[in-house]
Amino acid sequence: MENSLGKLFTITSFGESHGRCVGVIIDGCPAGLAVDEEDIQRELDKRKPGIGVMTTKRAEEDKVEILSGIFNGATTGAPVCLLVWNRDIDSSEYEKTRFLPRPGHADYTAFMKYGGFNDFRGGGRFSGRITAPLVMAGALTKKLLNLAGIEVIAHTVAIDGIEARTRTFEEIREKVWGNPVRCADPDAADEMVRAIEKAKGEGDSLGGIIEGIALNVPVGLGEPVFDTLDGALAKALFAIPAVKGVEFGSGFSSAGKRGSENNDPFVIRNDKIVTKTNNAGGVLGSISNGMPIVVRIAIKPTSSIAKSQETVNMESMESASLITKGRHDACIVPRAVVVVEAMIAVTLCDLALRVGLIPRVMK
Amino acid sequence: MENSLGKLFTITSFGESHGRCVGVIIDGCPAGLAVDEEDIQRELDKRKPGIGVMTTKRAEEDKVEILSGIFNGATTGAPVCLLVWNRDIDSSEYEKTRFLPRPGHADYTAFMKYGGFNDFRGGGRFSGRITAPLVMAGALTKKLLNLAGIEVIAHTVAIDGIEARTRTFEEIREKVWGNPVRCADPDAADEMVRAIEKAKGEGDSLGGIIEGIALNVPVGLGEPVFDTLDGALAKALFAIPAVKGVEFGSGFSSAGKRGSENNDPFVIRNDKIVTKTNNAGGVLGSISNGMPIVVRIAIKPTSSIAKSQETVNMESMESASLITKGRHDACIVPRAVVVVEAMIAVTLCDLALRVGLIPRVMK
Amino acid sequence: MENSLGKLFTITSFGESHGRCVGVIIDGCPAGLAVDEEDIQRELDKRKPGIGVMTTKRAEEDKVEILSGIFNGATTGAPVCLLVWNRDIDSSEYEKTRFLPRPGHADYTAFMKYGGFNDFRGGGRFSGRITAPLVMAGALTKKLLNLAGIEVIAHTVAIDGIEARTRTFEEIREKVWGNPVRCADPDAADEMVRAIEKAKGEGDSLGGIIEGIALNVPVGLGEPVFDTLDGALAKALFAIPAVKGVEFGSGFSSAGKRGSENNDPFVIRNDKIVTKTNNAGGVLGSISNGMPIVVRIAIKPTSSIAKSQETVNMESMESASLITKGRHDACIVPRAVVVVEAMIAVTLCDLALRVGLIPRVMK
Amino acid sequence: MENSLGKLFTITSFGESHGRCVGVIIDGCPAGLAVDEEDIQRELDKRKPGIGVMTTKRAEEDKVEILSGIFNGATTGAPVCLLVWNRDIDSSEYEKTRFLPRPGHADYTAFMKYGGFNDFRGGGRFSGRITAPLVMAGALTKKLLNLAGIEVIAHTVAIDGIEARTRTFEEIREKVWGNPVRCADPDAADEMVRAIEKAKGEGDSLGGIIEGIALNVPVGLGEPVFDTLDGALAKALFAIPAVKGVEFGSGFSSAGKRGSENNDPFVIRNDKIVTKTNNAGGVLGSISNGMPIVVRIAIKPTSSIAKSQETVNMESMESASLITKGRHDACIVPRAVVVVEAMIAVTLCDLALRVGLIPRVMK
């Protein structure tokens, strides 16, 4: 079950970048959830390449196909199979460089692990393209969570060291889809766009940080000591290509703080126990504490760049140099925002089902 | 299976801080591994409270008991049950503050999640004490990994913002157990000790950063796209209380770098493909790439502090203040070092079994 | 993961009888297994309706489609997605009887469990049609097992109380596909054919018994005490619709025997320890003992019959009577033979991977 | 997780027949279930050797020890660890016959699978003794199920071919514990006792059939197509040593029936849909249909007998003969009755939690 995630609510990924399709099976979805192609297409479109020079030239139509599990406009309780066909495929470049692994990419490890049998075209399974099905699963899952009152949002908080100013949840919700970098701070967004254009022009790439937020998560999600809320989220988020770090609340900065500073005092607001601050990022003892769950994800710069890089020919075992042509995002952060939302949603849904927050049949 | 971790090699945690014992079951351990109580005790002792004011006054003897799975000095292939009895228990303080959750602690979320039925004494399941069994599992696992040539080490790299200078693996191996903070840089270690003493004196606490390293891991560990090497490690590490962030290689700093800077060029050394740098932290495409696996873990300051904190009485729903008496480490980072090693070892062992790197019967 | 089976080698079922397709994802398949559409089609054809009046009139083309995981004629190590499109669909009869559950069928339980949201057309998920993907998974799996020297065969041993004479493995292999009831005893086969024709003529249906055999399974498959060889096989076999009993070796008849009679004496043949008899059916202590694995599966008579039956209108909660029109096999035993082979193969493959009998990359 | 069973409600078995203890961890148990040692002891006592010559001479006290998960008389939501210490151990006989596998026993397969490292004393993990912890888990589980209105009972229906007359549920409940063979038909019970005494006198052993029943199970338990009700029960029941067959309702006899005979007509009784007959054994489409679940389990004659048997010396690879001395039940059927109840209860509990029939916190 290495390509499956979740215990009660499970997604199973299949397909390759340049194969026939990329898809996902969602198992354990409650019956009776109203969902149609448009619900899913809308989310999928958020993953589309943005404007200008910023992103890949590959222009898949990416039209969702529902293969199973939805009948008369609602889920049936059976596995939901969703896929997008691959149409705009040009594998020629990959054939040429088959034995020249891109530095920073899975070309090398996949070749070694699968004895050279892996579908290397377009990175095969190790392509940003496999996140399209995750987004489709996220679309369905967010609908489910919404019925339980839970909202998941994500936004770009840094690219190339340019940091967005802190925004309220309302501002994030409002602004994030208004610019191509999915950043809630329009000024920073402009700067980020320019930075990406510059890097692209130089044949280089950039990384960044995405913040994911889950609102209205009740107290009690997470099953310590191992099926923890933070651990499950981290596992799901590291499945997104290029993620190199995950932190909750004050995260790495908490390591330099004092307890008296980092602890969130409990107070009563509207007859409910809340915390004054949210350094915990909504997670106490690996269980949700009712505050917004806040997780930050570090995304490294895209490994495929147009600059010459030092590599090795895996067949001849000789030194080589490589300029990656293909069609690659100079910065995948903007397109990963909706993927982050999807992985958070899928994880919360599994944990919500475990505590009965979401019923097995929707009324 | 919420208290179990791993698929082929599984550890199951049980026991409470102030219950009869804390223990672990190791299932899927290959038969024929020579292991005795001393092997395990040696590791367990590394988790002991250190010197001086730095650490908890609770002085458990923590003598390992082997209850099953080891016969004639070797594992049998059956589940190995290891435990330590709890002896030095004083729960009086906890009874008094039962309804006053410590800010930053799981008191509140555990109370809510388990409807008040949780064993709150000493934090119950949400106590650093449950890491003792993890260390016992780690002891056995490290022996197994060693037979496959893999070594796992960890060390403190920061406490209270005091950062250790970069050290070689040899230096780390040599120095780390020579000071109470498990830091390979003796100068930084001295400073850290002073910082902890100061914080302790002020009734406060400190956090820090631990670096975990796995050496000689061959290419190919990790089962993308979901049972990933980085995701599995992260999930395991977030099960350690107080962990708030996990990053691999250049981690969060990669978010500010360019691809040309962050990509690790491939070169040939001794007829093997290696990378010149290790920004990837040994993980490419969520699979080990043969370089040292390097993971950094952010540990927040201990939540239990002797300063007055704002909280709420969960029974009367009134505001309250709390000074935590009990016996608590002002900084748990030093004691967590061996726990980090254990969680890395357990995770690698599961992944190593999946690719047949470790046989089911040791010869 | 309710629609997934297996731990290392996992199959995930999706699709509905009258939906767009029925399919399967095979995850954990070793890389480098040579397999093409014909390998799979050949097995799929064995599941086709047989001759004459015996079987359903639904005539699906059932042409396998490989959607992922196979590249350049070999598995890649990525999930293999196989499906057959549904083409010959007539759901009109099901719409009419939507609220009239067929006695003996899952119509009632599915309606209740999924709150009426289930795709009821053609039985939806509770149709013999979902065994087509299982057979496709079985085709691939049998190829894998063959490389490890293991052969899986099944044959009809009883229909309507007509019992086949005991045959050697060679005879079974040779004769089983030579008649429409997949019985290795031609005389019994003739009688069975006549019995099915008679029952069909009377608007009734018949059950029977299938024997599954796995040859050359080495000692050591099965992971007691819970992931047992017999338990895993039984779980897999009960997933075939209409199975009501599973027994190994002397099975239920062993309950009336004495130990001295039922125990299989150990002897040495060709320097190997074998048993003189095989009352154990190849399973000792839930582990394979090197002898042929022999399992018998009871299949009840098809529930959909053309005779009038007493039922209830689930909407109006009134008594009703029902004559099932549709297109149904009067006896599904013959078509289930290849499904039994598939489920045995899939189960053995998962257990074989766990002990390293099958490598992760085929050379 | 080979020694774990269940997904949400999980039991993990540990310990060996002649080791320090045999135990079980119950994970996923809802918090707030009132349970004390006596609740568990009462069930454990039902597994005790009966009277007279019928059963083993080993007289363990078998006093339950609660090691974790129960606090102030109720479950806490944390793993419950229960064990019984082994006290009355005589391993001398096993040392002598270490390399002489008992025909019909796991001695041979365990030796081969675990490379000779297995704890062979008393059969180690392959001993009836490991069912004691299962019974303890069953005790707790039956309490949980009772709160959901579900009752699980089992009784001996055949020994040595002597069949009990059909009894009502009331009669079974009343009579089953009144005789040493746990048979609800007193006349058959007398005969069975005599048969066991006779076989014992001859140094031989007997098998039998146990029927397990679950009453008041609502419609909807079971998660097709693979986590089925019947498949899950079968998997759990095959974990009981000596089980060779499992059938539901009319089971193997359904294979000889016609559909018109075997289908259970639906009718309305007290405004509920029920079936007139119960050939389905309460399972339709692998989902509970609201009728009593009825499962029959074939138990082979005890393999350890006092008659001389043909075997092989696994070390010298020479033919040998063996008379098993030790202390063995001539018929384990009576002692297995409560074990069957336990395995049914544990399985139902896991499935009940999945559909929310049992809450995560008991009020």
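Note that the chains are named A, B, C and D in the order they appear, and that numbering of residues resets to 1 at the start of each chain.
In this section, a residue touches a chain if its C-beta (ideal position, glycine included) is under 8 Å from a C-beta of that chain, and two chains touch if they have at least 3 such contacts.
Here the structure is a predicted model, which means the values were calculated and not measured.
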Contact distance in steps, from chain A to chain C: 1
Reference chain C; chain at largest CA-centroid distance: B
Separation of mean Cα positions, chain D and chain B [Å, integer]: 39
Averaged-CA centre spacing for the pair chain D and chain A, given as whole angstrom: 46
Rounded Å distance, chain C centre to chain D centre (Cα mean): 27
Contacts with two or more other chains, residues of chain A listed in rising order: 1-4, 7, 13, 113, 125, 355
Chain A residues within the chain D interface of the complex: 7-8, 354-356, 359-360
Of chain C, residues touching chain A in the complex: 1-4, 6-7, 10, 12-16, 19-21, 23, 25, 27-28, 31-32, 66-69, 71-72, 74-81, 83, 113-115, 117-119, 124-125, 361-363
Chain A - residues contacting chain B, complex: 1-5, 7, 13, 101-106, 108-110, 112-113, 125-126, 130, 158, 160-161, 199, 204-209, 219-220, 222-228, 230-232, 234-239, 241, 243-252, 254-268, 271, 273, 275-276, 279-281, 284-289, 298-305, 307, 309-312, 314, 317-319, 355
